[in-house]
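Chains here go by letter, A, B, C and D, matching the order in which they are written, and residues are numbered from 1 within each.
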């Protein structure tokens, strides 16, 4: 399953260099992960109530070309692999009007108990729901 | 008591207009309030443990002149008045190298219980500590 | 004309108090102003090319009730009045699912030359376009 | 040369999970890079005037342990290697009170012309200044 959301670049996202600040793509990627999870029935405010949050453990981000004010970006999110306590996402930011690839990222998140912040095994239903999205990625 | 902290303007604070984004002064003002409270012995992480947080209820901000990349600002914070559940702060951002006044604000915060977010009366010691700063404002 | 946009609250917008950080509503309001201006044909990246940017001169914000993670907000933007170099907007944030009013703001912006940051008179076409939205506000 | 700056965690940096939002470390790392460059005589506002900006090309970030409200962090910045148009930095965030390592990052920046955003060779003096910091890293 290929999931993506549109993100408009507002003045808040830009910096004095006239382009989107490099840290702000991590907001865009997080929005896409959240909306992806919600689209398969996993609501963040619900997992928090169940004492589970996803914490980012590792990211690698390639910045190919900068986005600018008023650009509309397509931010993608797909599950690449699942481990007992972790999920690896592959994400990208493409410019919507011409499809130009701007930024690519791999984001590994770990499930932790919100109170202790210790890793915990993904609940079965959550794991299965994520697993089902892998077999159906559009290529 | 006149309290102020220095804040350097980094690229994260600026926008494509080449100046500090108007919302980011609210971060600077919040940093100064937090440091002011800490300087008189009120630690935010402690008040949170005691189920009390300060929530901003009203702000009025005058933007006189913009700050730019690399500027160092002096952000001030003084208590103007105290009511049973509320504290009114007066704050400003001045450019450090020439003292030019850039932004002025009034910020009213209300003490609320963190779990219910309902207003609660300021604990006596906290109120007294705040009260003592009023009599000693430098003019 | 009553203009509004939906804004989803993401984790980036919240703080350790569990609610939206007070400065982040200024991002939401700016997004709504930008989209409002775009909806009447005024594109920010175009006005920047013409050496005109809108700089916020004054804001007054009332925080009635906090927004939380995953909330969807309706952010409104209407023109209240126009002066030679300035435009006054009235804006609000309501929770979408029950219409509860959370935050209200008045935002005064001034048109400035981007190079000098000095105020400049609004171009006639821009002023007329804004003026036409005032007569048609839904009440 | 080992360079580091202290960064206090404010409420703006945290999220509803009670910890620092993962994207905000990129702000901390950028502040340290900027201050590091300033400490060796390279002022960002000056390089912008000379039509040169550094754009981040690649980052890899390991999040070991989360920072929390009121924590003071030591953010480090050292030059690892220099290529004709690029500089690779190694950075980390450690908790100041006990030295615990929280986050580590590698950040590759590329020098670009501000108007075209095309890569450009580092000016000799700038390259030499950076080069001199490599030989003197404390280990």
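Here, a contact is a pair of C-beta atoms (placed from the backbone, for glycine too) under 8 Å apart; a residue touches a chain by one contact, two chains touch by 3 or more.
Values in this document were obtained by computation on a predicted structure and should not be read as measured data.
Seen from the C-alpha centroid of subunit B, the farthest chain centroid is that of A.
Counting C-beta pairs in contact across B-C and across A-B gives the higher total for B-C.
In this entry, B-C is the pair from A-C, B-C or B-D that repeats the interface of A-D, since more than half of their contact pairs coincide by residue number.
If each chain is reduced to the centroid of its CA atoms, subunit A and subunit C end up 28 Å from each other. Look at where the CA atoms of subunit A average out and do the same for subunit B: the two points lie 33 Å apart. Remark: subunit B and subunit C have CA centroids separated by 23 Å (rounded to whole angstrom).
For subunit B, the set of residues touching two or more other chains reads 11-12, 16-19, 23, 27, 30, 48, 68-69.
Contact residues of subunit B toward subunit A in the complex are 11-12, 14-19, 21, 23, 68-69. Across the complex, subunit A meets subunit C through its residues 8, 10-12, 27, 30-31, 34-35, 38, 43-45, 48, 68-70.
Those residues of subunit B whose C-beta lies close enough to touch subunit C in the complex are 16-19, 22-24, 26-27, 30, 48, 53, 55-63, 65-66, 114, 117.
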